[in-house]
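Two complexes, one shared chain (chain A), two partners (chain B, chain C).
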Partner chain A sequence: MPPDSLFQRKTLTQAETENITRVEELAYELKVEEVMTPSPVTVSPQTSMSAVLELFRQNRISGAPVLDSGKLVGLVSIEDLLKCLQKADLESATSRYMSTRLLTVKASDPVIEALKLFVSSHYGRMPVLNNSGNLVGILTKGDITSGILHAIEHDYHEEEVRRYRASHLFEDIESDRSSLILRYNIKQGDFTHGGAASSAIKRALLRLGANPQIARRTGIAVYEAEMNLIIHTTNGGIIRVEIEPNQISITISDDGPGIEDVNLAMRPGYSTATETVRELGFGAGMGLVNLQRCVDSMRLESVYGRGTNLRLKIFLSDKESVGEGS
Partner chain B sequence: MNLQQVIDALNLKVYTTSRDFSAIEPSCGYASDLLSCVMAGASKHSIWVTLQAHGNIVAVATLLDLTAVIITENALPDESIIEKANEEGVTLLGTAHSSFYVIGKLWELGLRCKPEAEPI
Partner chain C sequence: MNVKELIKLIDGHLYNGSADLQREVKGGCGADLMSDVLASIQPEAVLLTGLCNPQVVRTSVMADVAAIILVRGKTPPPETLQLAEQEQIALISSPFGMFELCGRLYVAGLQSLERAVDGSDCNCDS
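What follows is the complex of A and B.
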């Protein structure tokens, strides 16, 4: 087998290229400078190989860039040291054993560029240069691995911290009755942001440690109400969510036009939505029905010509209560 | 059956950022173009088949924790919708086939609702 074929890069199939994991995403997002070892230990071409050996041992490293008056001229690695040891030639200068066929990467390159070089070259480490061509760091495959692991842990950790902080809110604040009130102003006709408030409420509940099923139910109920404000009101309306350790109370209010016949509005399949709105998939006449199904109590009051007020409650049993974590 | 197998078998376009679809197992399927029906009927981690391609499908999919939305008959979501879907972690897939064809294929592939996949 010709040696080259060992190093041939595998051609990725369509399915494989589409199958990008978070790790691969990070390889594109992270820059070399974020994972490299900055200001590495360097040697000069005149340094003796015995001094290099001592340096590697003391610093627990396996390679170092060779600088001649600040200019990168080579790289000396443990492999070069082994060759030198084999010949019992430790007093020779580094210049005799260092590699001068160098592959370098730029500090501002995405990590994926460095990974490609590592794969195609089989080099163990690469000097990192800034835009003016000065040495700023050294990069090994190990640096990339730990950099990516660190980034994954960070991603994970951020949401964990948010959740942790939020879920202890009710325990940390002492009062006879604590509640958290969230308000959202919904604009009439704002289909672009349709569902934004309900998604935000669902996320808030999850962070507060609510049972995912409760968060989902609340999200669905608020979504229907939110879309009603967008589709049917004159001037939009307000969603107010009050979260307490034992219940979630939601009030949705607007100033018009109001519902002509509340009983009719509650009938499954009844809708006053216009043709344009129906084309978007709304107006199934199921909104209020869905809403009622998701909540523990619902009170709908409307004065035609004045506005509508909808009050919803979702009870949290002790086991599922907000702030207990889950 | 995982989502990658669905994508391969139906030759679906992936509009949103790729991820490890082979690790995602849809629990069930649901088809409707009426959002409130989806809200009422689609269980958690379902695949939703629809020809709606506007922004609200992302909100619906997020609120219901849907596995993916298959948009049929080449209805194209806008860039802004794809962006929003990426932010929310919703997978949008596309095909030129009709909803009827897609549902038939999914059934043929063995997609059934797991007993625990009850709505709400």
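What follows is the complex of A and C.
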């Protein structure tokens, strides 16, 4: 690459800006302990500077924490060693040259905290302490860079591989009719995890290459049904999703109590939900109506005292399955 | 308007680092009933709500919401925060009330992405 081409690249490509955003995210997501060098080489205040020099050379490091009976008292770095060499004073103890004005970071802190400290202090390395104040590692700017690069590569690779594998699922399998079946057991009253199955189904569809509108419609329909299982059933129920290249068939079934009057249940605004459920933002009497709007066909069968069976279908035309953006 | 600009406009506090600050917000929708949100919201809207349980995040994921604003300075419980972090959707708290927030965003040029719920209309894509 000719030298001036570095200066000619003024605009960032889409991929590059995406990576920068991801780096910002990672600075918040990654913890110091995930990128630091754990169990670093340490010295004691009495260690001679010539021994420090030898230690740095052997371990190819440029700094080490100084511990006195297990307690962190300083940090000795290559800069301190240079000062010592200048005075030809290598037989002195580390305590004479080490830095004692220390900045430390906590192992559980997000990397962004350490980055802020590095920027404001111009320090080259920082000891890492656990919650009890004991030394557990050492952190340099280089550790942060390689930790983030590693995470980016890992992320990129993982999602790419998943999408590639899933989107070609049906291509390599020969049969007269192939389908993929997903099943989820939903617990009655489990509001905390309400929607977890729907999220998983939506994500699966996107990985399979469904367009965003199809994934959204399916997600909303299954979410309403999933919340119904959580709110209204006696023992929870099962969601079964069968995915074929040209259609998605969903069955939601439970063993009670069943719907007393199906026509009434389908009426917009009709609800049997309790006050608690309403406080969670549900029970407006729009669930089944909303659900029906999102699917191409819906069949609701219920026997009061026995249970309910809801069948939904979404058809995928060629146009829909190729994806036209949102 | 992107999420970063949105936060500035409402003196917002962002709770989760995983959110994409560059994500474009195309309009807004204000509601406390999640079923209403699911029935009426169009993709890439900011959702303004007084509700702060995990279902707000689930609903937002399902409905392709670009960011969530908790009105009246509400603090989300840990399970809501954790889910927002995991789903990488911006969870923002603002000291202003629902009415004022809707006004501020509307004046700043955000359109309504809250569609009237018509029982006979079956058009879920938009």
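Just a few scattered comments:
Heads up, the rule we're going with is that the second predicted complex is superposed on the first by the 169 of 326 C-alpha atoms of A that agree within 3 Å, B and C clash if a C-alpha of one lies under 4 Å from a C-alpha of the other, contacts with A are read in each partner's own complex, and residues count from 1 in each chain.
Throughout what follows, a residue touches a chain if its C-beta (ideal position, glycine included) is under 8 Å from a C-beta of that chain, and two chains touch if they have at least 3 such contacts.
The structure displayed is predicted, hence computed values, not measured ones.
In the superposition on chain A, contact is made by A:E29 with chain C only, not with chain B.
Of the two partner chains placed around the shared chain by superposition, chain B and chain C are both touched by A:K202.
Residue contacts after overlaying the shared chain place A:I112 against chain C, while chain B stays out of touching range.
After overlaying the two complexes on the shared chain, residue contacts for A:N290 are found with chain B and with chain C alike. By the touch criterion stated above, A:G70 is placed in contact with neither chain B nor chain C. Shared-chain residue A:Y223: touches chain B and chain C both. On chain A, the surface touched by chain B in one complex and the surface touched by chain C in the other have residues 17, 21, 25, 191-192, 194-196, 198-199, 202, 212-213, 216-217, 219-220, 223-224, 227, 280-287, 289-290, 293-294 in common. Of all residues in chain A, those touching chain C in their complex are 17, 21, 24-25, 27-29, 110, 112, 191-192, 194-196, 198-199, 202, 212-213, 216-217, 219-220, 223-224, 227, 268, 280-287, 289-290, 292-294, 326. Residues of chain B that touch chain A in their complex: 4, 7-8, 14, 17-22, 33-37, 39-40, 44, 50, 52, 54-60, 62-65, 80, 88, 120. Considering their complex, residues 17-22, 32-39, 43-44, 49, 51, 53-56, 58-59, 61-64, 79, 87-88, 117, 119, 121-125 of chain C touch chain A. Interface residues of chain A, counted against chain B in their complex, comprise 15, 17-22, 25, 191-192, 194-196, 198-199, 202, 212-213, 216-217, 219-220, 223-224, 227, 280-287, 289-290, 293-294.
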